[in-house]
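Take this structure, written in structure tokens, and hold onto it; I'll ask about it next.
Letters are used for the chains, namely A, B, C and D, taken in the order the chains are written, and counting of residues starts over at 1 for each.
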């Protein structure tokens, strides 16, 4: 069951962030972003779907990708805290995207050598998508960080608000550690240099500095979330739960 | 008059008019209005469907809906570009939308009240849009015609996808089937109204026909739509909410009951359920995004200055 | 079933508005309002509970107040559109409250003579509560309308946004009309003079004018709502629906 | 010194100190800090519970929760009033809360992750609060003592209500029972920490004891709480998440395992899950409400001016 758990963590990260990004649809600050947001959401949700499907097979109880996504409550969700943070403003959204992609890009790069075929398949597609997310979100972080006084202040706020959720990305749960030992998933801690290189490069251009984080926040892998996730899931799951067993 | 005759001769010869060509002011104005309105419809149209993105009942449907809404944004983008070739900026058009000066398709002033509406919008609304738009692929103005070719291809994909959603519901649980029928009941008449007033009451039509911006009359297109759609509803086991809707052997098409044009004008004039909310949401997105757009401009300016300083 | 329907309409009005008001809890502009908001929400939800309970008995299928509140979807909710409008800012919230109470106060006053004992019971309690809501919300409408330039502008916006939902209050559905004919409920249209008197008095002090409404909005009694109600219900019903048959 | 002696003599005689009485600066400062902190705790405490108002699983529970959150606001209000008698305004205290200068009970920096938490907060958090507050009803400072009498009465109602929620879950479906146990697991240790550091490590205690602001030590109160609560958990068939928790016949109370004080200090210093979100939400409410408060002031001013003009 360790692999099942480890896959679920990855799938939850992707779905929760994908859902958050999708909340922008039709409400973005410019039309180009009304196209980019669903694009990024689609990448993430696509990855989540393949992973849920795989997790369901590993579990072997006949659960579909949708059962997995729509029937677990917030304590059962295993996503890291970063991805569940509310959209807040555009600066927060883009920084959250950058942090996540700057981690996942090297992760999927390394996962191309996984001993697991499904993971290799996901990695091949996701690595390109994450490169695009880094580029897209990174450009915005630079524009906003080195834009107007207001945008720079908002970008700094975003860094203050989100930096404490970064460390959790590099921590492997017991389940993930097993999958790593088996050569199925890359070791999370190993992504640090690549992550730092990307962030440092972009932050330098964006006139941002990485703050000292006195108390990094963790807990997502144990289902210990903040209060926003539950609201997000109530909306997401409402219809599916209202019609048990229906096909859509 | 000589210029107008030569212009009309080009139109009659099915030549495409390009942005740099000389054109009558009325032609330009008609196109700016129509393309702008069309672009706005795509943008506002993201809202009723976007309303269900966070609640889509499966991940597959969520992804498909995201892709659809994204396509609509894309259509908005090329249509704005097509209008820009005629000398109006996207900002101007956006302001006209927000001030209420420019219109968008009234259909988007109806709310999406159930998941079935996502299917029905694809099936009926995109279906009606395609009927309107296929002739536009041969529109005399080149950029618009080319944009419409791409738009139509995507819309017909959306239409099939919508129909498939409704089919799944119609074959689902009794609650799902009821949801599909309820949705058809609510959207049927508004969809018929999408073709505009009866030919006898239609304003801009004659000149548009002559200029080959428009190629079929409102009533012709509406009839085509009804003839294509009624059998689809029957196939699903759903009933079109019109007791007078029946096959007329003689004309080789379906008859339909009287359309409630007072409802149509009410919604056009701002009295629909969602008119204010749609504009409120668009304006809110625009106003909340102002600092982002300002920052992007400021940053580009800084870059340019630095580059010049370095040279 | 007409009486059942008519009672349900009343109950839905009270629950939906009570829920909307409760969304302010802990987020009000001053501490006194953090007390007043739950107070008003409690009045409305209390009334809704008695009415749902009664509706359940009239229906005779053993449905509890909670089944009624938590298991109907938005097309089955019969509240008028005014009460479902989102909170927006404090000016909108207070005006919405004033409009509703200015209608319900004379309604419950007249309902004290209902031929139905349950309705008489509800009326006796509700009439005092609605008098308080008129006073509380009315004072705020005056303060904001005749306060700063900003507050006056916001108050005017609120009137522009909500006036079109007022007429629906005075329209009786077929079910309500039957209950009115039977002397169980007061005739909605009869409340107009009392409503106008209250609103005109308060608007005069608040420097507000009642706008011409070209297109009054109706449809709530047929379950034809705006798009916000569905989101409200997904959150409200999530937990109840996730555990079918559980007791809480 | 003479003044201090006379003051202490009044305290020792169990006389109540009133706002207009002379008092040592340290006494005043200690009370302002403590009452302010207590008031802030009530206000911030509205947030974790408010988080479930819109999702309460029955209308009865929704109403009870609303009433509870309202009571907390009310407690905040009288406590701010009690502190105001000592010469600090509510605005000043609010600013200190928002700037992080003033503290509030760390327990509210934990999130409410399930409905069971609403029960558990009533049972454990209000339970612990009562243990702390009952002695405060005899506090030497009159306004505080009187406020606490009313607060304690309401808190003990909340505590019983919370216990009843947990009992309903513990006797409910397996999922509900698991929800209750999970909630107890998460809140048990934070509840024990609510009594503050061990006596040996506690800062302000001695002087507060002497002034009869405080009457029992942290460890004494914690022990009382454990002794009252462990049997309640057993009665529900729930297990306290402490393997070392067992009855000690000799001391006539329960032993408990070591408390993780690093976790305590982490949360006190701002490192808990919800610290930033709580302050963000309070500040947002305050800032978004500024125009309302300004309008109320402006209106009152206009009234006054008009009245004067009329006289």
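The rule is short, and it goes like this: a contact is a pair of C-beta atoms (placed from the backbone, for glycine too) under 8 Å apart; a residue touches a chain by one contact, two chains touch by 3 or more.
If you're wondering where the values come from, they're calculated on a predicted model, not measured in any experiment.
Judged by contacting C-beta pairs, the busier of the interfaces A-D and C-D is C-D. Here the repeat of A-D among C-D, B-C or A-B is B-C, since over half of its contact pairs match by residue number. Separating the centre of chain B from that of chain C, both taken as means of CA atoms, is a distance of 36 Å.
Under the contact definition stated at the top, the residues of chain C that touch 2 or more other chains are 73, 234-235, 238-239.
Of all residues in chain D, those that touch two or more other chains are 55.
Looking at the complex, you find that chain A touches chain C at residues 73, 231, 233-235, 237-239, 241-242, 244. Chain A makes touch with chain B in their complex at residues 15, 19, 22-23, 25-32, 34-35, 38-39, 41-42, 45-46, 48-49, 52, 65-66, 69-70, 89-90, 142-144, 146-148, 150-151, 154, 232, 235-236, 238-240, 243, 245-248.
Within the complex formed with chain C, the residues of chain D that make contact are 43, 46-47, 50, 53-63, 66-67, 69-70, 73-74, 76-77, 80, 90, 115, 165, 168-169, 172-173, 175-176, 281, 284-286, 288-296, 298-300, 302.
For chain C in complex with chain B, the residues that touch the partner chain are 73-75, 161, 214-215, 217, 219, 224-227, 230, 234.
Residues 48, 51, 55, 111-114, 182, 186, 266, 269-271, 273-274, 276-277 of chain B are the ones that touch chain C when the two sit in their complex.
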